[in-house]
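Common to both upcoming complexes is subunit A, partnered first by subunit B, then by subunit C.
What follows is the complex of A and B.
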């Protein structure tokens, strides 16, 4: 890996560790190994959003050409959000693509992702199913996002009705995550969700 | 039309990589060069796109040639340790050390010459303020005339 990339990550690492946001437990970065090419990020779900209080883990890969090219970031924690794939965790965010600038840092990337959680952009979706739900039935979207956050990101606010529906399908022998995806995709209609899993 | 990028001279490479220091002592300590610094220069017609000369379209070649010319017009200097100036290059996050070669953008932001030249070949904007460099250059020319 190019010297500049490693040197920068080392310096940035210190910056994030010292930052105000870390002190408030809002963001965090950890090394995965000694190479400084693979990092683990963490962001707290922002207040007044369905993700509030959840802890979202991110996989961060530093390319050899960093900081001339952006880091490759994806969610490891499963999340229901129009700009994040509910299957792979891939993120659609301009600064991680063509709007990247060499002066941006791991800290600004994590803060931008936190801002993305607070302000989805459904017209530039990564997950078409979630984006459609966000635009057409925003109440169901918010509840679904909160349900996912409470189950996968340890967020404190639960959605008991949705928890029950997942439990019902689980008791019938269906895989819990598959049941959750099917129910979320079919606006929590149990029959449609079952048909979907069985088809 | 002649292909001005087909036979890269030492000048072309030095413009891209800023490796115009005469002694090789600095690079000798860095171990083997990373793949993108090997003898065949890699161009970036747009960010995230890496191509060798033979893979470039004519349009991209013209764009890169123009870009190389424009970068040459941007002022350079040597860091003289003056404390009122910026202390750090935001690209490598390294502190400016006495004698470092710097380049100044029209928006008044300064960087290590090697760092900013590499960036400008990918994106002609200031990495600090996102100001498009060519737009600012044109304004400078107009006010000077």
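What follows is the complex of A and C.
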């Protein structure tokens, strides 16, 4: 079985490399080693979203039973999104779980993830905190997501107010990422965030 | 005894068939070869030799007033070939016609060289003589000229046909217009069939399986070069891949029974050697598939000693050992104590059916499975592109 998985990944590789999305730098796949079972994916944050211009790195693991089972995909780049864990990068997307179909490819998976960035599904969340923020205070969600994208995915649009708040906590001796998570979780209220970190 | 002829008869002296070498020679010649259409070619276990000179020399017909088939009519004459001739040579009605009598060629049915037999019986040279135009004595075309060259050339007692532009053989009767037309018609039909065959291959040769992404006709080993045609959509998969997908255990029923590309549910997969997507051919293929299965005994019914949950809806044959078909059982609706009907009605036949099919085809050591897949291979080939596949099946598969 492993044979069919490897043979297919090799074919898909050529397909992705030739595809027009690659030509436009929207998606990218590369090998981690020679085994074809562990891959590195890359997607560009879609335009008109908080993720615009960011580059998000994905870890893709191909199971032995591929393509009869979906690849295991998670974000290596930290991201603020209702369907992606801000802690582990785990993705909640039906096609990577029970709605997988054997005709799907790395290309369609990456494009689906790109579409997921553009259209979050807060009713089927992976990260409950992010999902609540998305539903209740969508402005703060967008800014937070943009802030994360600019810091972790080198997206061009920065959020100076949020950068300042993170810098403040960092200057007080807190870990930058912890400070960012705490602030993001508490809608950028510095006191609440500090309490959260210290508790 | 044909086993004796090949030196392998195990019954020895107790054999019911003759072990006299003098008697068996005529029947050891392949009848299909003589008719020029033995599908086994070199692999045929019967002899591929032209008839012996004494029975086939046409010149003897001209020089002697008494043709070889005469003794058959003459009741006083000893029958040298155990009545074999009675069966196969048409009996001339009267003495004066003897000179025109059809020559006896073992196993051959008079002049029937250009009408394709519709059944095994016809191919084997049965005694039933259809009353067609081609049956008239004297309309016979020389079989040697027809299949290559006749060494008697101009002197041949038989008519040498004109060369047909389509098949390139001397198969056009020089005078009989009806026969000419018939041949041309058959030649065109054959030609069309060949064309369809070529088109089917053409259609299939670049098709890529949506699951393994390989070109189906380039898969290794060659027995894997088969399509699995979904009933409700036209996406291309090879048989192995789509069957494996549909028998996955880790997804919901409606996910795996749907096409992996368009998610349209198909109830079953039909194996085919060619890619088929147009509606008439697809219908024909599916019907043929069901028909082929309906001749195969159901392993669950087991000739009446077992129980098949699908009863009359089963696509396999439910027949008792004596050949009678099982009558449909009355439907039972099981009720549980809450008064709800049992789910037994909801079992989808094809799921079961597919799983069983998988089990059969995956066990390669099972000789039956080879037979079955060969059968399908052949079946799909002949059924889609020829109308008289009945004889094909009977001849080459069994």
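As a convention for this text, the second predicted complex is superposed on the first by the 198 of 199 C-alpha atoms of A that agree within 3 Å, B and C clash if a C-alpha of one lies under 4 Å from a C-alpha of the other, contacts with A are read in each partner's own complex, and residues count from 1 in each chain.
Here is the rule we go by: contacts are C-beta pairs under 8 Å (C-beta built on N, C-alpha and C of every residue); 3 or more make two chains touch, one makes a residue touch a chain.
Every value quoted in this text rests on a predicted model; they were computed, and no experiment measured them.
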{"item": "Combined model on subunit A: subunit C and subunit B, fit or clash", "value": "clash"}
{"item": "Subunit A: partner with more touched residues, subunit B or subunit C", "value": "B"}
{"item": "First (subunit B), second (subunit C), both or neither touched by A:64", "value": "first"}
{"item": "Partner chain in contact with A:12 - subunit B first, subunit C second, else both or neither", "value": "both"}
{"item": "Touched partner set for A:98, first subunit B, second subunit C, both or neither", "value": "both"}
{"item": "Partner chain in contact with A:158 - subunit B first, subunit C second, else both or neither", "value": "neither"}
{"item": "Partner chain in contact with A:177 - subunit B first, subunit C second, else both or neither", "value": "neither"}
{"item": "Offending stretch of subunit C which, after superposing on A, collides with subunit B (from 256-264, 310-318 or 328-336)", "value": "256-264"}
{"item": "Footprint overlap on subunit A, where subunit B in one structure and subunit C in the other make contact", "value": "4, 7-8, 11-12, 67-69, 98, 100-104"}
{"item": "Subunit A residues within the subunit C interface of the complex", "value": "4, 7-8, 11-12, 67-69, 98-104"}
{"item": "Residues on subunit A engaged by subunit B in the complex (per definition of touch)", "value": "1-4, 7-8, 11-12, 64-65, 67-69, 97-98, 100-104"}
{"item": "List of subunit C residues in touch with subunit A within their complex", "value": "210-214, 235, 241, 244-245, 248, 250-252, 255, 258-261, 263"}
{"item": "Subunit A-touching residues of subunit B, taken from the complex the two chains share", "value": "30, 34-37, 46-48, 90-94, 115, 118-119, 122-123, 125, 127-128, 130"}
